[in-house]
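The two complexes that follow have chain A in common; it is paired with chain B in the first and with chain C in the second.
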Partner chain A sequence: MINLLGISCFYHDSAAAIVQDGEIIAAAQEERFTRIKHDSTFPRNSINYCLEEAFLEPNELNAIIFYDNPIYSFDRLIKTFINSEKSIEDQWCKAIPRFLSSKFSIQSLIQDMLNIQIPVYVTRHHLSHAASAFFPSPFESAAILTVDGVGEWATTSISFGQDREVETLKEINFPHSLGLLYSAFTYYCGFKVNSGEYKLMGLAPYGNPVYVDMIYEHLVAIKSDGSFRLNMDFFGYLDSDYMTNQKFHQLFGGLPRKPETMITKKEMDLASSIQKVTEDIIKGLAKHAKELTGSDSLCLAGGVALNCVSNGILDNSKLFKNLWIQPAAGDAGGALGAALAASHMLFKIPRKLNINKDSQKGSLLGPSYSTYEVRAALDQYGAIYDVVDDAKERAFRIANAIKDGKIVGFMNGRMEFGPRALGSRSILGDPRREDTQAKMNLKIKYRESFRPFAPSILKSRANEWFDLNNDSPYMLLVTTISKDKRKSFNKKELSNNNLLNIVNIPKSTIPAVTHVDYSARIQTITIENNSEYFNLISAFESLTGCPVLVNTSFNVRGEPIVCSPDDAYKCFMRTEMDLLVVENCIMQKSHQPHNQPDDSWKDQYELD
Partner chain B sequence: MARRLFQYDPLISYRFIPCLKARVDHESGGYLFKTNTLGFRSKHEFNKCKEPNQKRVLIFGDSFTAGDGVSDGKRYSDILENMLPNTEIFNFGMPGTGTDQHYLIWKNFAMDIEHDLVIIGLQVHNINRIIARYRKYLNKEGNTILLAKPYFELDSYGRIQLRNVPVPPEKLSIESLNSDQLEYIERTGRMIWLRSLIKKLGPSAKDFAQRLVRFQPLEAYNTRLNPAWLLMEAILQKWVSEIEKPVIICPIPLYQYIEQISSPNHYQERFRSIERIPKIFIHDPLQDFLQFPYNIRREFRFKVDQHFTPSGHKVLAESLLKSIKPLLTNNSTNL
Partner chain C sequence: MILGRINMNSTRNQKLSSHFYRKLFLKAAKKLRDKGYIPIELSLSDEESWYSSPSQNDDFVLFEKEKVAEQLSDLWSSSGLVELSSLVPEFMHLSDNLEFDYIYNSEIPPFIYVMY
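Now for the complex of A and B:
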């Protein structure tokens, strides 16, 4: 048995993953344990969990693989400083010690934690992403496209995966980065870099792509092979702490929007424009990957692969017959990719390919909690709960509550790996009700959001409700709702600056999950993916005729998705959720002691 | 750590959550364990009946017996099981508990289980736990909390009387106790300020300071009339009176005795004195630890954590084997 532990940390979300003889056993992000959103520190808790799940002693590990090569990253750091024309002593003083004390100390951190000498290998950042996308995919061979902010020198790569190998064919290097270009607009529109990108994507349908020509004229040039170059005169990330600079601000007519202030038509149009440019670049890169590999299948990873609008467009383009996207597409997935790359490419373990099914296991790779553990936790809080052992009875009881307009916190089985809640740590609601979106936003998430929630739908019914070509088990594709389910509304509202007026206009028979352009970030459910969640949606369908539920992540704003029963109960009690389901225990808010929502989470979690 | 290990128990105060599969991050590099459906750290389900020709030993104790710091398979009970043919060992060890709670575990979970021998792994520090009514713990946030525990008192006839059952489940803060109650928090030593200063200086400084002052950790053993010892004696006497099979009491030494920082004379004398009670066999493993040179003995505990390392467990198992073998043989002959 070859046991390999992959680690990613010190940049974005840190994580660990364990792979046994090429099979993915466990993977988890550190933030879920430390309760610090996007925690990038050494993933001690994640490593502990992975060894626990595999029930392995440290000396049973054959190797530990770090997801990128610190020497190349250091090289980039040094050369960037040297080539910078501005005085950047402050940044130098901050960045170098931070770098030296983190990435170069990985071996000693591992030894300190596991108290044993284990071979530690490093791989390449984009190879980790590519491996995370290709090896779990159901494809024998595939083109692989990885796009992110930066990893070592590379920001984009095109590779070819076949059998046990991934060969890098082309790379685009820093500072020319689609991820950083998108982040620059995220920053300029007043959202937090590295977490607010999905908000910018959600804002795009409200705007018009009026700035596209300006972006092409001044900021980015696309070549015939799909590669691109940024005009660094307009960006601040090389020589300052900011993504954009004065020239960028002049170009778009003013300073960046201040966070938490009103979103105007300008931000909507900027979002729409950069989204269009992103889609163009991704399409160009995918086209070139097709030319280079001749493959019918494409795998995607890297932070930009979480742009599900762009993914949906790529899917609809039919450029590739098959598409598979790593659900933990960001740096957390690098831990998994590193372990898989070593497994197949270094230890030469054959892939166990199933062309009908990926080997990501529904991305349910995190910890689960037995009913004993659940009850031990709930009893500590004096929680009042019913134990409903019969799965069918449980599903109908929850479905009935949702039908009656209740908002339900739902925790079952193993936690998701990746940023999306897929029905194991989710907040659920009735998509048909006009008040669901507002209620979930204001009373549970504590935000005034312009983004609709995502729908989970039984896979067998997906084509009746959505225009979907492909399966979407990981909520990574955006598609449109079927025409017969749409409702017309006055598009003039789109010229209005007040987004919330538009958000609350019903746009379909399932308004809570329908965006202003009739799009939806869809998740398809099968019994194999998540039987408990499948049973619940099936029960809801038999009660209402609607095979769709609203699915949003189980957390409050700024909080990582809940992991344990303790996290779930605390989150439930902090919000105005009506019902909490943790495994076979069902709790009604009105029955709980001290059932007043409290806002102490605002002190604990930094707003995203 | 996301996984909770213990659940409330109204009689014992707490026990392991049943059917756990857990890994505890620890200076040893971490340790793995599983619990059975009854909530004990054992690979065995505690079936009442034995298989024919099978021998069975029940072991009770605190974290030294439960195996804090080491994975399943490396505890002295597991090592013994491997050394003894056709013998299964049921480990009822529960971290953070005292001999009073071990007796309650016996009464509530073990007394109906068929067996050939009982071992009470009595960490000598337990004498401080039996007089305590509250025990300090650090919660996930690193704050000190108190958990209530059951305890016994001696009545005017010298009989033990159970108190504080059902144990209140609430976690308490030190501030919530009155001055009388504060007396009953488990003692972890005097001169807290000095101990915390030395702790900050590291384990080597602590060892040096203890050697320098000829530290005596357990004064309760100093005289046979000490109330704590009288209570211990009464609990053991009552417990053993309920057991039909032989009982080995194994006073598990603190590291201060193993590393000859402190004198063991008082506690050894006290335990020798109860060997007069029928069915009790005192097995003192200290001599077996002391046969090793100091640098090896230092390896029997972790750098910071005082619990036994796998090598410490091995020495204890090999030591106990000498007392267990003849008793199991004689016992089966008697049967």
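Now for the complex of A and C:
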């Protein structure tokens, strides 16, 4: 048996993954254990968990694969400093010690932690992404498109995957990067880089793409072969601590929006514009991938593949018959890709393909907790709970509470790998109620959000409620709600600067999950992917006729998604959630000791 | 506010890095620029922006810290960048003298994409 451990760390979201004879056994992000959002430190806890899950001692590993080649990343870093004629000593003093003392020490860090001598391989960043998208897909062969900020020199790649090989065909290099272009607008609109991109995407439907021509005229040149270049005169990321510079600010008429200040029509229009440009570029890249490979199937990964609006448009374009997107498309997924790539391409393990089902296992690759562990965790807080062993009774009890307007924290089975909560660590609500969105935002998430929540729907009913071409088990496609479920509303509200007025207007029969353009970030559920969650939605449907639940991640703002029963109970008690379900234990807030909301978490978690 | 793990050695690391930058790196960088070397392709020309595929030899490389110097030196020498390859021993010396710098999130402004 060949046991391989993949690791990603020292950029954004560190993670580890274990693959045994080509089968994915476990994968987890470090942030879930350390409770530090986007933790990029060495993934000590994730490695420990993966070894435990695979029942392996460190000396049973055949090799460890790091997802990125530090030599080429260092080369890019040094050449970026050479490029600057002005002194950027401040940036040098931040970057160089971090790099030299972390990435060049990866081998000793691993060997010190595991106390073994073991081969440590490094692979290429975009090969890790490409492998994470192709090998778990249900495709025998496929074009693979990876798009992110940067990894070593590459920012974009087109590859072809067949059997147990992935061949990179072409790349676009730094600083010409779609990920960095999107991040520049994220920063300019007042959101945090590396975490606020999804907010910008969610803001786009409120605006009009009035800046598209300006972006094409000044910032981006798209070539006939789908490639692109950025005009670096307008960006700051080569030689400053900011994504944009003075020239960019002059072009768009002012300084960047300050975080947490009011979002105006300008930001809405900028979001809409950069979203349109992103979609254009992605379509061009995908078209070129099609020309190069002739494939009917496309796999996507890299941070930009989390732009589910763009994914939905690509899906609707029918450019490719089949589409599969790695749910951990960002850097965390690189750990999984590195292990898969080495498994098939280096250790020559044959790929076990099932054309009817991907091998990502519903992306439920993280830790689970036994009923004994759950009860021990709850008992330490003196929690009052009912044990409901019968799965059907449990599902109906929870579904009834949701029908009555209760907000439910729901934790069952293995934790999700990737940024989305898929029904194992989720907060759930009734999508039909007009007050659900406001209640979940203000009393649970503690934010005033302009973004609707995502719907989970039984796959068998998806086409009745949404205009969906493909399956969307990982919440990575945005589509529109069926016309017969829509409600008309006064579009003049969209010219209003106050987003919250627009958010609270019901736009469909399931208002909590319907955006202003009638779009929704859909998740389709099958019994195979998550039987407990499937049973719950089925019970809700039989009570209400609605096969949809509101699904948002089980956390408060700035907190990583909960991992353990301990995390779940603490989050439950911090918020105004009504009900908590952890495996077969169900507890009501009103029955708990010290059941007053506790806002001490606000000192612990930095706002995202 | 918990943002990361505290690095007790950041001042020492900063001093060493700053010294390297001023005494060694700036000179090498200037020499290269004066020779007309273009480290990053910034042109917006109409030519295609794709690069051909990387070598498959780079798909999996056995990584050993002792060989980093050799690999960096080879990479830069083969591109004619003697100014950089001659700095490799100094880079390695710097690397050996830096204390392990735990990623300390607050050192990185939230306005920049982390590229290193």
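Basically, the second predicted complex is superposed on the first by the 608 of 608 C-alpha atoms of A that agree within 3 Å, B and C clash if a C-alpha of one lies under 4 Å from a C-alpha of the other, contacts with A are read in each partner's own complex, and residues count from 1 in each chain.
The rule is simple: a residue touches a chain if its C-beta (ideal position, glycine included) is under 8 Å from a C-beta of that chain, and two chains touch if they have at least 3 such contacts.
All figures in this text were calculated on a predicted structure; none of them were measured in a lab.
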| item | value |
| --- | --- |
| Clash or fit (per the criteria above) of chain B with chain C on chain A | fit |
| Chain B versus chain C as contact partner of A:117, first or second or both or neither | neither |
| Partner chain in contact with A:501 - chain B first, chain C second, else both or neither | neither |
| Touched partner set for A:367, first chain B, second chain C, both or neither | first |
| Chain B versus chain C as contact partner of A:563, first or second or both or neither | first |
| Which of chain B and chain C A:463 touches, first, second, both or neither | neither |
| Which partner reaches more residues of chain A (counting touched residues only), chain B or chain C | C |
| Which superposed partner A:246 touches (first chain B, second chain C, both, neither) | neither |
| Lowest inter-chain C-alpha distance for chain C and chain B in the superposed arrangement, angstrom | 12 |
| On chain A, the residue positions that both chain B and chain C contact, one per complex | none |
| Contact set on chain C toward chain A in their complex | 1-5, 10, 13-14, 16-18, 20-22, 25-26, 28-29, 32-33, 37, 39-44, 46-54, 56, 58-65, 68, 71-72, 75-76, 84, 91, 94-95, 98-103, 105, 107-116 |
| Residues on chain A engaged by chain B in the complex (per definition of touch) | 32-33, 44-45, 48-49, 51-52, 55-58, 113-116, 367, 369-370, 372-373, 375-377, 379-380, 563-564, 566 |
| Touch list for chain B against partner chain A, complex | 1-4, 6-8, 17-23, 25, 27-30, 32, 71, 169 |
| Touching residues (chain side chain A, partner chain C) in the complex | 10-12, 36, 38, 40-41, 65-66, 69-83, 85, 87, 89, 92-102, 104-108, 119-124, 127, 149-150, 154, 167-176, 179-180, 183, 187, 192-194, 221, 223, 225, 227-229, 231-232, 237-238, 241-243, 341-342, 345-346, 603-604, 606 |
